[in-house]
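The structure follows.
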Amino acid sequence: MDWNILSWLVWLPVIGAGLIVLVPRDKGDTMKWIAAAATAFQLIFAVLLWSQFDSSHVGFQFQEKMSWIASFNIQYYLGVDGLSLPMVLLTALLSFLCVFVSWKIDKAPKGYFALFLLLDAGMMGVFLSLDFFLFYVFWEVMLLPMYFLIGMWGGPQREYAAIKFFLYTLAGSVLMLVAILALYFTCGHTFDMTVLMAQANDGLGSMTWWGFNALKVVWIMLFIAFAIKVPVFPFHTWLPLAHVEAPTAVSVILAGVLLKMGTYGMLRISYPMLPDGAIWFAGALALLALINIIWGALCALAQTDLKKMVAYSSVSHMGYVLLGMAAVVAAGAKNGGNVLAAEAGMNGAVLQMFNHGTITAMLFILVGVIYDRAHHRNIDGFGGLGARMPIYTGVVALAFFAGLGLPGLSGFISEAMCFIGAFPVFKTIVIISTLGILLNAAYFLWAFQRMFLGKLNEKYVDLPEINKRELFTLIPLAVLVILLGIYPAPVLDVMKVTMGHLIQIIQQSSLLAAF
Amino acid sequence: MSLSDLTFFFVVALTIGSALYVVTSQKLVYSAMALFFTLLGIAGLFVFLMADFIAGTQIVIYVGGILVLIVFGIMLTNRISDVRLSHTSMQRGVGGVVVLLIFAGLYKMISSAPWYLESASAPESSVKGIGKLLMIEYLLPFEVASVLLLAALVGAAMLSRKSKS
Amino acid sequence: MNDLNIYLTVGAILFSLGLYGVITRRNGVAVLMGVELILNSANVNFVAFARFGGMNLSGHIFAMFVIILAAAEAAVALAIIINLYNKFGTVNVDDARSLKQ
Amino acid sequence: MMTFAPYFLILPLAAFAIQIFFGKRLPRKGDWVSITAVGTTLCLAIAMFVMMLFLYEPGAKAEQSFEWFNLGELSVKIGVLIDNVTVIMLLVVALVSGLVHLYSVGYMKDDPRYSRYFGYLSLFTFSMNGIILSNNLLSIYMFWELVGLSSYLLIGFWFEKDSAANASKKAFLVNRVGDIGMFIGIMLFFTATGSFLFSDIFAGVAAGALPLPLLTVAGLCLFAGAIGKSAQVPLHVWLPDAMEGPTPVSALIHAATMVAAGVYLTFRMFPLFTPEALTVIAYVGGVTAIFAAIIAVTQNDIKRVLAYSTVSQLGYMVMAIGTGAYVAGFFHLTTHAAFKAALFLCSGSVIHAMHHAYHKLGDHDSDPQDMRNMGGMKSKMKITFLTMFMATLALSGVPFMSGFLSKDAILAGTLSFATHHPEHFLLPLFGFGAALLTAFYMFRLIFMTFYGKPAKQEVLDNIHESPATMTTPLIVLATLSIFIVYTLPYINPFSDHGWFTDLIVATNSVVPQHVNPSAHEIAEGIHHAHLPAMIISLIVAFTGIALAVVIYLKKKFSAEKLAKNLALPYKLSFNKFFVDEIYDRFLINPTIKLAKAVGFFDWEIYDKYFINGFGRITERLSRFIGITMDYDVLDQQIVDGVGKSTRFFGGALKFIQTGKIQNYLVWVLGGIIIIFIIQAM
């Protein structure tokens, strides 16, 4: 607490980016090592933060507060709690690994790694900021490097993908900005999230705009802003495109961290600030979750491009998070105050965010590995690779099985918790969405069969096995996937107090009586 | 009128008169000579104002340094054989009117403004006080000034050297 | 004489004369002399205020900084003038008029 | 006993890890690692079994739970439960697994992925032990899926064959269908009782946590898991295909242990089932029994016959549970594990011999598993023949064999059930019908394989008995299908009374309001039905055997002619009632088509037209605003108007700009003067 660890986490990559800019153009390796060092220190700090975090403490820890733009009451306010801590660790870990994933980037490495570190800083800032305005700034800061990373280092359709991603998410940001201003002007001219959490619900709930309850209007605006990032069903089409066109490391960050920002935003901002809205919207959220799960899985089943399949699987998997989040209404009086279910759902949602981050990162890295070798990603264009690349096949099998929610691997327990949590309230929806488990298994196994089983495709008899660098990027994730699958308690212990507090906030919401 | 008053008015007259000559003389070298007297007069004024150290500085730097520099400038930019070394003026009428009006405005301000006045006995020597202030309160500007001088030195050398091409 | 106004008036006169020099002189060196006069007028004011404002030595310090500044300025300005002379063969400031279209 | 429990999990798991990471580098490719691990668990299981016998206490039970994680109020506990059922299951698994390991040393000798094979076997043993030891639904579900995984890996072990790859995928997916039902059931129970532990759920249900109709649904949902895993109709389709895996795997996983897990689960959960649920279970089991038996009659692949026979026998067990004779069901599970494993391993031995014979002859096209290519192997493979014959007798329900006792108990149960509920008269019919068919197709298998003349004499000449590592397990398992093993200390070949029935006793249902008959009532009913059931089953079994003798040994009737006369039933049976085709046409293909349609819609229509439509509309709008409005009107007329006027005035004021700084300075000073004047005013 004495040495501003959170600021270090945010600004370390920026320092790294600054250093990289100073390195002469032809020293690509130096840049890579600088990026690796910056992210490695960030990871060390994140682990330190984890070890010093007091998980029994309600509220924010390691707070740093400074006036930034005093005339608008904007603060430089950082803090961490059980919700953001797993995300911080995930961000640090994936950023570190992604530096090694992008080791082979030779096209303008200076720009690439500088932008990448900037992106890292933006993500870290989003997860750590407690001032809404600061949050928004980091949120936007993240967009720009992403745009360039996709647009310059991406696949054949990269410009289209980049501009689509950018405009789509920007549209969401605008809504968020409006919501921020609405909160600012109605709730005591402050951007301080802790203050807004205490005031926003009552402040907005009593107002009416154009005949609508102001709270619902703001909730919807925030929801759309975050839903685009998640992405929730009708806003999801930027995702497959951006994922497919982005370079591997960027896909990993996109799927592993960026998607989590949507749900993180909902849990950090929408839920505690507008608990009435959360309750009001829970039914719709569950329905959207169902659509996400089934729609994403069906789309994944139809794909022939491996990367696109994985991208759609993300849509499906993020549906579980939404389902878990919807479960919070179980704590309501109408549902008999079923705190158990609410706890299962909310913790499951956050755990699923973390687990999906690791699993999907593995998947994308693995797609990158095969793409580097075969220069295409057509699932049907492989065949029988299992005999040729046993180690690669083994890792893919692990990742696929984690993705389809095999018990003993991390995805299972979080998905199960999301289902169990939502079940008492949304029985029909949950029962239909369990079909998603089946579809998940179907597309993963089908893809696995087409790629690795059967007779070896003669084109690929000389395909080299996965190398040590690539394994190095995968092993930490694989270890996490297995460990958390067997014993998820370490992560759950960190978040449970925070989530319990959030459930309490929802329980005390004024709308609850009606539910 | 005491002797000191007399001296004072003499100094004032010398200052203003030579300053007038500086700006009106047709010959550049004469202007420079007149400037010498003006600066000397101002040094005298400083003495009257109990600013002995500043007066000394004025003489040393201005008279000993800047003026010499200016004379060098004159020498370097005119052919020595050109005896007249004259220089012309322009827009005298307009300039005079404008300057007079400015002076009028300034004078009005001086006479009408309620200046903050506080009588205090003069110290024996201001050097000690100035030294303390320079080394304690104004240390940073002092150091900055030294950097500025260095920069000016380098800059001047850079600017005045003949281009290689 | 112990009257602030006299000193201020002397300062104003010097200022006006310096300004006159700056406006009317053609020769760059002469313009520079005008500038020196203006700077000196400011110095007179500084020291005068210091004297009559309770012998506050800060005024002296400022005067000193002005002198330093003047020295630096003179050096740079003369360098520029010499440069100008080398380039255009003249030191008349109104001959160097690239500012006009 | 509790102290032994962790080793059942740790040892096989460690063996799995060692095999996967280092297997290839170990001497003998590390098969001894897995064998040691499984052998140790076998010793432990035997020790536990002996302890159980010394204790001789029907209610013996040890349970230990610990918190897996907690979320504040919600605490998820898992743990270990050891009672007599657990001990017997552990012994069955360890024994069969151990023997299969031993057998595999010979069978898989030349396989390039030898070490991986043993790793997978260890993984399976680990997961199966996990199911058995669990005292809660959550960890059962987890291990449940893990056995599914090991089954997937082992079925697809020879993944270069497309059929194997397909079969493994099919097995996993079909199982998942059942698992989803099971998961919903778990959620229902958890929601109602707030715990996953059996004891808590039983207590909760007894206290009326779930209303009766919901309890029926929840129970059936759990049973759905068993339908998948134990290959009951309609999810039986994966098991015959699973025969693509190596034969020892079929013996271990797809005959003796994993497929029995469904029965085990139903057995464990028996107290939760309402009468309605039990009726459904009984019918599912009965239909499966007769249905699979019919299919088995016409199959020519030796392993497929056994596979359908397994399905049929599992149906028996499920039917037994459904009719309340669930101790008999569990008894059958135990006996069946031994003799069915023996049958599979024998068939493996035969296939192994055939394979080598073909290999020697350079024939790579003939199917070594097709019974029509076999015949007359009795003299060449004496041990295999004898052990297989004993196991066949057991399966057919011939007295003095274990199968007779267990099957008889089940049939007694169904008979008793039908006498109490005459409207369910079909159940005993299914049971006896299946028994008849079982005896028939098993002897058909024996006669086609070991008697008669071979299709090719030179093949027979090259047949050799399998090595000792393969025959030893056969002998052990065949010995275990003798009745006496299960009835000690009593020796009465016509009664199942023995240590087994003493130690495994029925428990009362926890369904509230006493709508279920008590365990005692059920036992009483079975006891009364015992004699008639035995007589009928004996008649039925010998009829079946006699038919097989007449058709396949003495060849009094031609099987082909019979098939022609009974064209429709034959075709249905031969093509497995077209279930696969129906699923393909009505479930799988539509799903894939739907997926393609959704994917197409999502990408090509929704994204390209709707989402990009926004972009296009914005573009049009911007073109209108930007070009028509902005440029033509606003810019050209209004803004440029300002510019033009400025230019006009600028031209007028141009003279000010002289380029002389001093002129500018004058202007500046003029401005200052004006400020002075304004100030003065």
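A few notes on this one:
In order of appearance the chains are A, B, C and D, and numbering begins at 1 in each one.
FYI, a contact is a pair of C-beta atoms (placed from the backbone, for glycine too) under 8 Å apart; a residue touches a chain by one contact, two chains touch by 3 or more.
A quick note: this is a predicted structure, and the numbers were derived from the prediction, not measured.
Looking at B-C and A-D side by side, the one with more C-beta contacts is B-C.
The distance from the centre of subunit A to the centre of subunit B, each centre being the mean of the chain's C-alpha atoms, comes to 69 Å.
Centre-to-centre separation of subunit A and subunit C, using mean CA positions: 65 Å. Each chain gets one centre point, the mean of its Cα atoms, and the points for subunit B and subunit C are 6 Å apart. Subunit A and subunit D have Cα centroids separated by 34 Å.
Annotation for subunit C: residues touching 2 or more other chains are 19, 23-24, 94.
In subunit D, the residues touching two or more other chains are 662, 666, 669.
Residue positions of subunit B touching 2 or more other chains, listed in rising order: 90-91, 94-95, 98-99, 102. All chain pairs in contact, by the document's touch criterion: A-D, B-C, B-D, C-D.
Per the touch definition, subunit D reaches subunit B in the complex via residues 662-663, 666, 669-670, 672-673, 676, 680.
Put simply, subunit C touches subunit B in their complex at residues 1, 4-10, 12-21, 23-30, 32-34, 36-37, 40, 43-44, 47-55, 57-58, 60-61, 63-65, 67-76, 78-83, 85-86, 91-92, 94. Of all residues in subunit B, those touching subunit C in their complex are 5, 8-9, 12, 15-16, 19-20, 22-23, 28, 31-32, 35, 38-39, 42, 45-46, 48-51, 53-54, 57-58, 61-62, 65-66, 69-70, 72-74, 76-78, 87-92, 94-96, 98-100, 102-103, 106-107, 110-111, 115-123, 126, 129-130, 133-134, 137-138, 141, 145, 148-149, 151-153, 155-160, 162. Subunit C meets subunit D in the complex at residues 19, 22-24, 31, 93-94, 97-101. Across the interface of their complex, subunit D is touched by residues 164, 167-168, 234, 237-238, 240-241, 295, 298-299, 301-303, 312, 339-341, 343-344, 347, 384, 386-387, 394, 401, 406-408, 412, 416, 419-420, 423-424, 430-431, 434-435, 437-439, 441-442, 445-446, 449, 452-456, 487-489, 492-493, 496-497, 499-500 of subunit A.
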